[in-house]
Each structure stands twice: as structure tokens, then as C-alpha cells.
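Both of the next two complexes hold subunit A, though its partner changes from subunit B to subunit C.
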Partner chain A sequence: MIDRCGVSPSPFLSQRSLVKSGTVWNNLGARGLHVTAVQCKNHAARIRVGKGDRGVTYEQALHPHHIGHRKGWLSQHPCNLKGEEGAADRALEDVFIRRFMFGTFHGCLANEVVIKRRGNLLIVCALMLQKLPPQKFYFLTGYTESLLSHFYKCPVKLEIQTLQKQAVYKYL
Partner chain B sequence: MAAHTTKICLSLGRINGPGFGQYASLNRATYATALSTSNFTGNKGGPDRGGRGAFVRRPRREPGEPRTEKMDSQQDWSAVYPSAASFRPGSVPLPVRMGYPVKGGVPSEKRGNLELIKIPNFLHLTPAAIKKHCEALKPFCTEWPAGLDSDGDLDKHLPIQIETTDYVSAGPSVRNPAARVVTLRVRLSSLNLDEHAREKMLKLLGDRYCKDTDILTITTDSCPLKQQNTDYAMYLLTVLYHEAWKTEAWESEMTRADRREYIWEDSASQQNVLDTLARMATPVPGEGVGEGVGEGEAPPREVLLARPEVQQYRDSVTRLKNEGESEGATLRYREAVKKLLSL
Partner chain C sequence: SATPDSTEAIDPTAYHYQFQDDPYLSPRTSAESKLYSMSQESGRAAAKYFVDMYPKYFTKDFAEPHIPCLMPASVALSLEEVSEEALKERIGLRKVGAAVEMYDQLVQAGTPISKQMTYDLLDLICFYGDREPAQEGEPEADQTELRRKRGRFHRASDTLRGVWRENNNAERLFRLLPEREARCYSAVIRGMVKHGAFAKAFDMYTDMLNNRLTADVDIFNALILAVPEMREAYTEKVDFITDLLNQMSQQKVQPNLQTFNNVLKVLRRCGALAKSISLQTLSEMKALGIVLTNSPVLPSLCNHQCLETKDMKLGYKVQSLVGVGDNWRLLGDSYQQGMFYYRFFSLLCLMEHVDVVLKWYHQLMPSLYYPNPQGMRDLLQALDTESRLELLPSIWKDVKTLGHDNKSDLVEELLSLMAREKHSPEVQESFADCALDIKAAFDVDRRKPSLEWSPLALGHVTTLLLRAGRIPQACEALLEDFLSQCSGAPTTAVELVKLSAAFCLPATPQLAQRVLLEFDLTEDQRSAGHIANRTRTQTDYWNYWNKYYQ
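This part shows the complex of A and B:
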């Protein structure tokens, strides 16, 4: 849902701004709040169609309502099943791991990070571009694994695959 | 010899960095002789980083061909996927495609395909691999005990069954509060109980006993640990057994209303039937009537009770009282009464 709101310095008072801001300005330089009609549009995880020069991956091209139909899940664990505990903790871990990977392998991630859990073991699968020499990849892998293991007190394994170019699904 | 090697090293250094030009070698000289380090800023990290000026980056190493090209069709697959791992397109020699196709296209190929990585795969569980697992586990297995061949044997030798559940989940903690629940099952027939003990035991058990299967079920979850709950369940069984065999002083005061089930013998219903039949007093031909009984007198009790319609009435009343009212039971009672009163 989009509300186009503008906050503009206007010399005139609008009725709405009086009601909304609750202050009384009688001078120049008063600011009002202008609100337009609501536009019910979904914007979640969508790249809008453009000129046709932007290559997108399968993950980016398919919208969230395709999850379960044409897309799989990026993170799978049994804590989301009925009667199981710890779903919130796993969700937080996932968010942190994704940001960590994005920052550690900056510019190298070709696609989203896939997180799997097998019992106690945390497996992070990532597709990377060959932007760094292999030695640096090895170092960063070891660094990530040991740091995350210490954070989460469980064994963390990184499974990295490298590509020369990003796999483009279509051009938008 | 040492001098010779150092000389070689220097020359090697020069050859390795043709693109660095004068700058790097100058830097190396400054570094080695510890002169001013003001020129040092451009060259961080060593020979891999290019400096300023005309330089060609060290030629990028070409990625080697994937393992699939070098695979033999008779290879040992469990060496490729020894344990559970995500899909690696360079290790799986299959032309797999996955994904919703673009209009007029085909599903995406396996290289760089995130969908294939997302899903769990069983490439590490081929039949040959499972066989290897079994062979590896065999030394740790023991034989099934000889005397336990059938369910009957199990009931005879191991009558008590204890059921517990263990939970595995994805988090770092192995604790699960639902794992403390313990269920103990035993057949009452395997316990040594006499008439009185069985009655008392059934009264004590109430809901925990199933009449159809003759199984007593005790579920404990009041203690925090599984071991504690199993101990508690065994303790409950022991106490039940011993209490059933004891006869308290107040048990002699048991009345008809305290009985667990309705018994027709010596009940008001039996008395009523006998009275009614005595008043009707029509001796049935073929009945064994004693010689002391005359034409108009009632036959004795035992004779009356042995009549089939009285037996039927007894069955119907017992069923009604014990199992509650239902359409079938009421109908049976009606039939029995009609036969009894010769309606």
C-alpha cells in the first residue's frame, strides 16, 4: 500500500495539517502534511519490468506468491512445524547469517544464501562470483565458519560454489 | 652456494614482475635496505597486487574443467557424495534442469541453479552406499535373544512395556520438555491376582484399564526427567499390586451400591421375578418338580431360576445396568419380559 505523503513548507495552513499536527502556526514557514489516496500495490521482493537491459536471477524474477509453487524455500528447518519450539530464534539466526554473508563476501554473492539445518549442524550454501582469488575465498570461508560456530555454539559449514557469471533467468 | 641462490632469488624476483616496472623493484630495494618508506604506500601486500603505472594484471587462472568430465561410469559414487551435501553441478554428471521456464523456453540448467541447491537430495544414499553403511554397522549389532520368537513369548517373559519419546530438533539445545512423558503398559493377566485382588485393582485403576485388551496403562509426566518418571510409574505399579492384595477392615462394610458391576443374583430384581412367577404358579410340563409339590403350589427356587426365560431376563437386566441404556438393550429387555410373563 502506498500513501504518497509530502511534507512541504507551505505558507498556508491546510485543514488537514491542523488536525494532524495539532499545532497552530500562523506564520510563514509552517509545514503541512499532505496525504493522497491509497494505492493498493504490492511491492514486496519485486523488481518491476523496465527497459529490458537488467538481467535478473530466477530468485529475483519470481515474486513471493510463487513460493511453494515455482520457488523453493531459502531456509528450511523443522522448528516451523506444528508443536515445535524455537522458530523465532532460527529466524533471527537466518537474518544475521544473511547479513554476515553479504558483508563478508561483499560483491561476490551471485544469488541469495540458502540455509539448511541438519540437527545441530548449520549449513550455509552460497553461490559466488569469481571476483576474488581462491585463497581469499578459502580464508573467508574458514573465517565465517569459525566465527559463526562461536556465535551460535553449533557446527557451521559453508558450501560455496563459484560461477564465472551470474545465471540470468530473464531480462526486465 | 648460498650466494648463488640469493642471486637466483633476486633475478627471479625481477622476472616475476615485469609489469611492475621500475617502481616495484625500487620498492623492494628500499624495503631491503630500510631506506625511507615514503614510496611504500603504493605497494601493499606483496607481489600479487599490481602497482601504479603500466602494468598487466597477473593472468587470471582459468577455471578447470568440472569433475563430471573426468568421471568413469564404473566409479565409486559413495566417494563423490560420501555424506549429505547440497547439489554440486560439477560433481553430478546428470543433465538436470529445474525451474519454471520462461515463455517459449526450457527450465534453467543446473549450473548456477539455486533451486537445485535449496531442495534436499539423496545422492549420498544410493543402494550401494546404504549397503556399505549396513556393513559398517554390523559389528556393533547383537543377536535377537533366542527365546523371544513370538508376541506370546514377549508377553510371557517381558510383560511390562515402557514407552518413551525422544525429540530431535534443529536448534543448539537438545532439551525438549515433552520428552519426559513415560507410558507403562502391562496386562492384568500377567499379574498374580486373586478374585478379591482383581476386583480391588480394577476399582483402583478406573479409567486406566481397558477391558477389551486387558491392558493397564499408566502415564506419568509429573517429574521433570524421564528417568524419574519411569521410576514413578514402576512405583505406582508396585503400590497398586500390594494394595490390591491387602484387605482393609472397612472393606467388610461393602454394600451392593459399592460394587463395581451389577450382579443379578441376590438382587431386588431376582426377588421380584421369583415373587411374580410364584404368584403365576403354572408349572411347565417337563420340569423336574419335586414330589412334595402339589398342583397349586409354586415350584422351588432353583427350578424357577433354571428356566430359560428367567436366564434371558437375567442377562438383559445385567446388560442394561452395566452397559447403560441403548436401543438394543431396551429391546432385549422388552423381549425377555414378554417371554417371562407369557404375553
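This part shows the complex of A and C:
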């Protein structure tokens, strides 16, 4: 018996699903129809309230519906304006840059990386913890700027601010 | 109102723009600034290595228009076929090896190559000494290191220039040329001088004269530069230079700015004899109306001269020249820059009123110049001459930031200046705060080796503290002083500790600990020390009671 057949949830939709699977046939050459119950709950970029021992930054504490109201944007480019193209390319570049920064400055990132585009210039703003001595920061900065410039064929600048420890906004 | 011009000036309170604008990442001393800029350079070199190692990830070219410097090195060449166009491209991109290869292929294929192209190729090879153009970052690092090790300026540039190999491509190409114009000779001679084959350069020059060609001004400039390597004694060098200049006037070649620069450069290495001649040269230059911009030797030479002759106006002129446009590049690397500003600043301290000195101090520091201890001492002297000693605490702050707080003579001079005479109460207060700060700098065990107390310095600190009425700290300082005095006598030290315990001084536990550590004591002396150590808890309890219940 099939309870409710909604649109099959894609993995990127923010709906928690209770998986109740029912295969119609056996394994050989069969495709089962998986049905689930939809639970209308948003789960994207949210840290739920817990015991109160976990410190979260301002960025993490505020939920996505606060973007534009209490939060700013992490990536700024003109491609979402009317008549502009290339939004998908910029999104892909952003993903790559975020992963690159996370890996290169491993353990040092205190908050999400902010990416700003001004004309041809790509500015990557990062908040770092003071885990490395300054000369190592400068080595990694020179390396990142040069490599990303060669990769994206545009000037890339890094703006780094350092903190002693992560700026906790509240404890959840 | 802020006009566009007024917003263009350099911010004197900021560090160089290549550094990140963050207190943790800002360089406070000249050593730090060099370290950070070199780390950044080596990071860029690491990225370049990866780009050249795995070019297939960096070949996608979506820049409009095409940016060749952001492509991996191997992909830069677009024309592959054997043609004159390809040769021109390689010359344009400064690919020495590839250009020579292309030329050889063209000659083998029998394609006619224009004379201009051949001459261009010859120029390229001679300029780079038949090797690939070096990258910007690393050689500079080596250059400055070598400079410091050898201690003299010209040696490092020799090793950097490389060696002009025998029968290299330039000479081969030169011999293959059907007709040799002055331009070819010029290229080869200048290349030889640049890369260290001085004798050959002069041979080539004689060869040229034998072929009845007149040398142009660039050839003479290069030959002048080669003079110091060809003759040993100062007088011989000077004679050789005069000889060359005479030949120049015979061949009716007009000297230009570069000629004079080279003459001055060479004369610098000719010792004291050269001073008078260099002044003569300068006046001749003025007579010929050559504009004194873009002259690399001039800033350091003038600076040196200014300091000798105490000519302030010339100093200001040089400083303003350096500020114009691109002239800051002429100051050379950071060491020379430091020397330039140091000389300028010491001249200022000697000659000018202290307000002007301070204005320049705040303008130069920290954006352009990190003063060394001698520079700080000059500043202290200037302040002393004009009796502006109330500025001493802020100078101490700068000394700490620069990392010169481990130079005992500088700190002692500062302290003695402060303690010399009595001042007004507010000034005394600030001096006492400063003295406490200096005392903290002496005591705290940090990464850097801490200073040793000298009795004189301790005495000054005590005087300053007493004058401001800070008795407990003064007593502490005095006691420490006494303790350091009785270094050989354990009994006196124990007596001292007992005395301080009797007076319930808060410094007792520290003194007791010090005595226990530093002196060889008998058993009862040791127990006395332990009792004194325990006083800590009693005094602490008493203080706590005082604070909260009264």
C-alpha cells in the first residue's frame, strides 16, 4: 500500500525525509518505488539549539531567511542582475575558491570566506585564527593569490584579518 | 575639503601596501618587513612552480583580451612553424633559447632573414648573456643576502651577472654576420661588459675602431663601467677614465646622463681622490644642463655628500626627488633604502629644529623607514638639545615596537636622560610609568634574551619612581639593586630578605625565591628563606581583607 507519493525528493531539497522503502519486486532487474512521508521542515544552514556548550559565530547562528535582513551575502557579483550572464560560472568558481581556501589555510579559517568581485578583480576576504606565524601566512597568501590568478586569468587579492580565537556570538 | 590630489598621498602611518592591514600581520621592524615580503615572494614562486609543472590545468583561456603572463610558461608561444614571424614572437617574449633555436632552423632551411631581425636577436642574446631571463623574486633575495655576507656592494652584482661563456651564441652569431654595423658592435660590447668579459669588450672596441666605425655613447658608457676591473690602482683608473672621455670627445660623441652616472659610479670605487673629481663632474653636468632626474647613483652619493658637508638644502632636494613619481625605485633594495633614510634622518637631527625632526620622524616611520638604534640615539640627542624630554615616554613606545628594547645602551641612555633632572609633576608621573614599563621589559622572561640589569640603570629607575612618589615600587627596585650588588655574600642576601619580610613588603616572596635560587645557602639560611616565601600568603590574605571588607 502506498501512503503518499509526493514528488521524489532530490537530495538538495531541504526536507527531512523519513525513509520508508518498499520494493515491489525482488532484486533481480527490478526497480523499487521508494515512497516517503514528507516532513515540512527546513534544514539548510541551520544549527539547532542543543545543550548550550557549542559556540557558534554570528554567521552560523542566523538562519538563511535572515539573509538580506540581519546577514549579508558571502559572495558578491553582478551576474544576478537583469541582463547579466555567468551566474552559474561564478557559483562554481565560488565553490572552488572556498574549498581551496579551506584546504590551503587548513585549521586557520575562523569564519566563512567572503568573495567580492569588482570588475575583473576577485577579492577573497577571510577571517583567520592566529595559528601560524605571520611569515607562513604571507607565504600562503602569495601562493594563493598567484595560483588563483593563473587559474581564473584575473587578478586575485586576498584580504586577511586575524583573531586570537573564534568570535562566538552565542552558545547553542 | 578633500580634492583628488590630496587623497593621493601615501599614508605615513600605514605600513607598505604589500602587507596585510592587520596588527598581527604588520611588520614592526625592518627585519620582519623583509621576512614577510620574502615569504610572500617564495609563495608566489611555489605557485609558479605548480603552474609550470601541471600546465594542463591552467590552459583554459577565457580572458578577453588574452593575458600571456597568466598562462603557463610552456603554452606562451603560439606560433610553432619555422618562420620569421615565430622568431619575432620569441624575441618579443624574451625566450632566448627558443629564439636561437628558431634562428638556426631558419638558417638551415635557407629562409632569408631580415637584417633588423638578426640585429634584434643579437641584442636579445647579448642582453641576457645567452641565458634565460631570470625571475624577479629569488635572485633578489640571494642578492641582498650576499651583500650582507660580503659587506661590499659590488661583489654580489658580479656573481649575479653570470659569466660570459667562450664562443657562446652571441659571438657565433656575430661572426656569421656578413656586415657588421656599429649597432652590432654596440650590442656585443655592452653584453660583454654586463656579463663580466671586460678584456674582450676592450678588444672588440679596438676591433671596431680598426674597422673605421665610430662608437656611440652607449658603448662609451659600458666601457667606463668596465674600467675598475681593468686597472688596479686608483690613479690608473682615473687616468683610464679621462683617456676614454678624451676619445669620446675626439669622436664627437656627446655624453649623456648615463655617462655621468657611470663615471660617478666608478669614481665611488676610486677612493678619496675621486671626491674632488666627482664634484667637478657634477658641476659639468649642471653646465651641460642635464636634468638630474632618473639618476640611480645620485641619491646615495648626494646623501653621503650631504652628511659630510652638512648641507641641509641638498638633503631636502634629494628627498623631494625621491618622492617624485617612480624615483623611489632608484633607492635600490631595502638595505640601501634603510641607509639612505638613516643618513637623511641623522642629518635632520643634527641640523634642524626638533619640531621639524619630529615631523619628518612621524612621516618616515613606519611607512618608509624603520630606525636602527643609532638613529634612535640621534633622535634622543636632538630632543635633549632642545629640552623636549617630555616626549621620551612615546619614544620608548616606538623603541619597544621596533624591537630595540633589548639594546642595553639605548635603554640606559633613555633612562639617564629621564632621570637627569627634575621636571613638573605630570611629566614625572609619565616618566615613572615609563620607568615601570622599562623595568618590566628587563624582568619578564620572553623569547628574546632579556637584558641584564646594570646598577646605573637600576639607580635611574629608582630615582624616577621615587620622584613620582611611588614608594613600594621604588623599594622593590632598590632591593633588587642591593640583591644584585651582594652577589658573592649569601648572608647579606638573607639579611636583606629578612628585612623586607619584617616590613611586610610585597616584594618579599620574589626576593626570597631569587635568593634561594641564586645563592648557596646553609640549612638555617634556607629555612629562613622558606619562611620569607610563605609571607606571601599572609600579605595576600591581608590585602584581600583590606580590599573587600573596608
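Criterion: the second predicted complex is superposed on the first by the 136 of 172 C-alpha atoms of A that agree within 3 Å, B and C clash if a C-alpha of one lies under 4 Å from a C-alpha of the other, contacts with A are read in each partner's own complex, and residues count from 1 in each chain.
By definition in this document, a residue touches a chain if its C-beta (ideal position, glycine included) is under 8 Å from a C-beta of that chain, and two chains touch if they have at least 3 such contacts.
Every value quoted in this text rests on a predicted model; they were computed, and no experiment measured them.
Student: Quick one: name whichever of subunit B and subunit C touches more residues of subunit A.
Tutor: Residues of subunit A touched, subunit B against subunit C: more for B.
Student: Report for A:Ser146: first if it touches subunit B alone, second if subunit C alone, otherwise both or neither.
Tutor: second
Student: In the superposed arrangement, does A:Thr104 touch subunit B (first), subunit C (second), both or neither?
Tutor: A:Thr104 sits against neither subunit B nor subunit C.
Student: Please work out whether A:Ile160 is in contact with subunit B alone, subunit C alone, both, or neither, and reply first, second, both or neither.
Tutor: second
Student: Examine A:Gln130 and indicate which partner it touches, taking first as subunit B and second as subunit C; both and neither are also allowed.
Tutor: both
Student: In the superposed arrangement, which partner chain does A:Tyr138 touch: subunit B (first), subunit C (second), both, or neither?
Tutor: In the superposed model, A:Tyr138 contacts subunit C only, not subunit B.
Student: Kindly classify A:Glu59 by the partners it touches after superposition: subunit B alone (first), subunit C alone (second), both, or neither?
Tutor: A:Glu59 sits against subunit B, while subunit C stays out of touch.
Student: Where on subunit A do the contacts from subunit B and from subunit C line up?
Tutor: Shared contact residues on subunit A (touching subunit B in one complex, subunit C in the other): 130, 153-154, 159, 161-162.
Student: Provide the residue numbers of subunit C that touch subunit A in the complex, in ascending order.
Tutor: 19-22, 24-25, 27, 32, 35-37, 39-44, 46-48, 50-51, 57-58, 61-63, 67, 70-72
Student: Quick one: in the complex, what on subunit A touches subunit B?
Tutor: Of all residues in subunit A, those touching subunit B are 57-59, 62, 66, 70-74, 76-79, 84-86, 89-90, 110-112, 114, 116-120, 123, 125, 127, 130, 133, 152-154, 159, 161-164, 166-167, 169-170.
Student: How about subunit A: which of its residues touch subunit C in the complex?
Tutor: 130, 134-147, 149-151, 153-154, 158-162
Student: State the interface residues of subunit B toward subunit A in the complex, per the touch definition above.
Tutor: Interface residues on the subunit B side: 48, 63, 84-86, 88-90, 99-100, 102, 108, 111-115, 117-120, 168-173, 176.
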